[in-house]
């Protein structure tokens, strides 16, 4: 009885929510559009150092968002590996010698690495960029991993943590360098914009892949022993 | 009515579905699916609505890219937590009684 | 800022700092703690004496700064505040001496004396507060600092009493806060001013003013133990005797009564209050409380509880005095602020002595105690006669002055109240004295300790005698300048002709 | 007109897969449907002229999230687990 | 100079997050001390600068809004930056001693701590709707990570619940942002406000504000969306609980309040404002009531947070269509309430942690008779309690006074009742702790005194909460500094 009432209430709430939202979207779509942001953006595009507007927004106009977003990724990575069995992130269960997987691996991995490289390189003037490249790279890693490649760097040691932090650190150093030179935080020095963006994108690709991979492998395997508990509260 | 607006409205429906899932489902992974669906809905609204009159707008597209990365980070973290929680307590829901129909014969 | 601005602050700080020092001292630092206590009490007393002289000369002591936007924190010494400050300074000194003896060898003394000093600091703040906001600040601080004293023994009973106490006083505090905030909204930030602020208030706000007055009295009446808000007081008797002495004679109940005085005189102004028609109901309420407290005291078998109900009755004398329209009655009420303090503290000291030395708690155990403890019993007798109103003791001065005031104000029914109250006082005190002096002890007294020449520890022996002597002196020397009565007359004069 | 039809079908498919992902009885199937939902989303982004998001959605939404969730399902003892990885029971 | 301060403020926490990620716990502690010093100095410097020269806009990357992201550096923001510096330093210093350095997973405490701090600064200074979203996620994920640290089943349960609530809240907020962008074509709050200044209020945009506020209310644990808070705040390690209760919930409230104050008048309506106030009142009563009934010390404190958060939402009705002066009083009162609750609650959680360490148990009963040992932490707890009861002279009292005045001034007398009842109920749960500590029975004879440094920190915070009441006028005067529109570095 209570269950029925509850589902009824939730359904009603969700339907009302959807209805209100759709009405609001419809109304707003009917209002006159005051936005001139795309125009402003294309006017400033040549000052951004890259030709592709989405990349320009991500890594120049709103680079602070991106910096913080990489921070969010790093946080997730940290929180994830803090949960892992401490000795090793290794999951013996996943080391299967599946022949299909092996074949997949042989053909796909090089292809995916090329794709990641292309996406990264394309980011400056065409769709693509660090996120997509990083995701593809991470997917490659997952594939390798499923194929049983050990990947020592994923042990929760200094190397892993350096890898997690690398992209973020480079981004942060670039950001503060201009501030020390007397410009605003995150401003690129004139003339070096494109170079710096490419550098940042490259390291970000690595770090994004690393974080996602770490999160993928750090899920505790079922036979991990309990960590000893010290929390009194 | 443009196709952008159509997608924005679809986003609204996805939001509703996702919200329902988040509130109603008890299995944590299903909640996570619901969260991702709701997230997709929000992103559709975010891009579809401004493009309804103006054509492609790189700003919301960039925002959605950021949003997707944040969402995957949160999802991955949640998966880690859920798996560890299941490992320690054998439960897949947040209710006190471990009566989730999804549980296998452990 | 001049030195004069800082003297009230110093007076406040002496006990505050003493409290902090005591908390910091280790439990075993017995000697040092006693010296800190007594030293601070003496310093404070001398500061108060300086201020009393200064106020008499018309010197302005005061300090103010904006605390919250729109509200100032004001410390100020005027004639009325000096009356309360003087009372608390003198009695703090005596109670400290007494408490040192009373709590000898008992645990948690560091905690006790720390909060005790904090309590006195709050009382001082109440006395020196220059507006209702500041008053409220210290009023609530008093609640908090007395709670650990009430529950000091840590028994279930003490904790229950503590809970009752807190529920009553915090609720009262909330009502008071509401009233103060409302008043602030209606009339702005009002400093205490002789003659008050609402002499010619806008008739539009009369209704609000009356409602606020009721709320104010209700809030303050909890601490002043006005019927029907007195329930916490008899229960709080589980506290150690020095606490009862301080709570009942000085700090808590007087804070409430003092607050009502401040509201009637220095916020509303006595004439405005009278014009609003709120004084007469207040007088009736006070009169009823006087009789009610006395009746209830009659049936109590526990000595401290009897004294507690006596307090309920006696504090309302103050309220009655100020709510009769006229300077003479006002002086009678005000002087009772002091007189009742001195007399009641004597009685509580004595009750504590009986309990501590002979293990007497109930009245029927008191048979023949007079011969075993003559000094204490003399003091008790003086205090009790004072309460009854026998000339020339303090209580007589009060009742006489108040009676003349009532006649002057054409409120003859007050005389009836005063007389019947005196009869009732006699009815519940005389049997005690009869038992003390004229009955044979039921058995032998416990003699587990050797006190030396005195009947009890010297720390316990002298304070009640001293206050008993004061009870006599303030009565006999009532007409001298600087006697409580003349000081009260001074205040009444200033209030009625600002 | 064809475009409209395409858009309409896509939106319908999105909604249906989303609902199916949440309501399918088996967790494993739910995740598979969710991956399909991700692929459809990628197509939707192409239709919205947002190729960057489409790429990201394909790689992240459909790819990584899917693998992550599938892996989690197999660990949480979903019903399909034994069939999915035979001979690989709990140690 | 200002530029350097800003860069330092933004750079330090992020950089220290990376630095501490590369060390273990003990070395991370040393590194953190350095970072705390820098961050406190920078925050103080910025506060002093703004107190002297007034506020300004700071365009990140040299781009101005609406193209770039602009930070809004005004008196209120820098006051909260400074408050964060104080409270977070206290929690950081406390955690350095409190947390066991030998557990390998505790090394991850410091990076999460620093990320949390940087996220808070983002929110205080943020002037861009989407940037605020990212800041919120930064805060939420690091907070979840901190709660989950150590990974007991209960902690995981609490952190999962927290994570889901936080994610849902963020999404709802983001949905609101999407509608805002669709309507106004800008993400800058100032841009929206100036657009509304010249155009009539567009239809359909009310929902955008409602969604944003709802999402934020969920993250702030407004009744009835509060269920995730007590487990998370109760189960985390005490310094983490302190951070969460003192600062994290305030971040989302701060955003909601700023949005309401900027956009509430055009986009909101009276019923919504009253509804939010009503929910806040329900939180006050319900949270306090549950706090009275919790057997565990930290749960008492956590439910007290639910109640105290309720007061904050009285801002909505008390600033909607009222006179300028009443609105100002309400804003000042709420600001004081935020600050004093942050200080007092941090003090309370840290002191509770010490008491648990001393008594060896989290139960309220375990405190029986501890006042006999004169534990310093009990004093701190008590003092902080005075502020929560909003008794004078604490900051909590000053806040309540201003809110009372605002309620009276706007004629919305029903909030007065809520405040008075809430004050009494909070006294009930605070005195419950006092009472337990005064009970003399066969309690434990041994009593573990924690390290002095652990005990001093909550005391300082509690004294600050106390002193805030006396100095509230001065504090508020900095917040009310004129904001120089268009002034920018």
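Each chain carries a letter (A, B, C, D and E) given by its place in the written order, and its residues are counted from 1.
Just so we're on the same page, a residue touches a chain if its C-beta (ideal position, glycine included) is under 8 Å from a C-beta of that chain, and two chains touch if they have at least 3 such contacts.
Computed from a predicted model, the values in this text were never measured in an experiment.
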{"item": "Number of steps on the shortest touching-chain route linking chain B and chain E", "value": "1"}
{"item": "Path length in steps (a step moves to a chain that is touched) from chain C to chain E", "value": "1"}
Chains partitioned by contact, chain E not counted: A, B, D | C
{"item": "Top chain pair, ranked by how many C-beta pairs fall in contact", "value": "A-E"}
{"item": "Farthest chain (mean CA position) relative to chain E", "value": "C"}
{"item": "Central subunit by CA centre of mass proxy", "value": "E"}
{"item": "Farthest-lying chain, centroid of Cα atoms versus that of chain B", "value": "C"}
{"item": "Centre-to-centre distance between chain E and chain D (centres being mean Cα positions), rounded to whole Å", "value": "38"}
{"item": "Distance from chain C to chain B - Cα centre to Cα centre, in angstrom", "value": "67"}
{"item": "Chain C and chain D: spacing of chain centres that average the CA atoms, whole Å", "value": "78"}
{"item": "Centre-of-Cα separation between chain D and chain B, whole angstrom", "value": "12"}
{"item": "Contacts with 2+ other chains: residues of chain E", "value": "130, 134, 137, 141, 144-145, 148, 151-152, 175, 179, 182, 185"}
{"item": "Of all residues in chain A, the ones touching two or more other chains", "value": "21, 25-26, 28-29, 33, 35, 37, 41, 54, 62, 65, 69, 72, 75-76, 79, 83, 129, 131, 135, 212, 215-216, 219, 222"}
{"item": "Every chain pair in contact, whichever chains are involved", "value": "A-B, A-D, A-E, B-D, B-E, C-E"}
{"item": "Residues of chain D touching chain A in the complex", "value": "51-52, 54-56, 59-60, 63-64, 67-68, 71-72, 75, 85, 88, 90-91"}
{"item": "Of all residues in chain E, those that touch chain B in their complex", "value": "130, 133-134, 137, 141, 144-145, 148, 151-153, 156-157, 159-161, 163-164, 167-168, 171, 174-175, 177-179, 181-182, 185, 187"}
{"item": "Residues of chain B defined as touching chain E within the complex", "value": "8, 15, 19, 22, 28, 31, 35, 38-39, 42, 45-46, 49-50, 52, 59-60, 63, 66-67, 70, 73-74, 77-78, 81-82, 84-85, 88-89, 94"}
{"item": "Residues of chain D that touch chain B when the two form their complex", "value": "3-4, 7-8, 11, 14-15, 18-19, 21-22, 27, 30-31, 34, 37, 41, 44-45, 47-50, 52-53, 56-57, 60-61, 64-65, 68-69, 72-73, 75-79, 81, 90"}
{"item": "Chain B residues within the chain D interface of the complex", "value": "3-4, 6-7, 9-10, 13-14, 17-18, 20-21, 25, 27, 29-30, 32-34, 36-37, 40, 43-44, 47-48, 51, 55-56, 61-62, 64-65, 68-69, 72, 75-76, 79, 82-83, 86, 92, 102-106"}
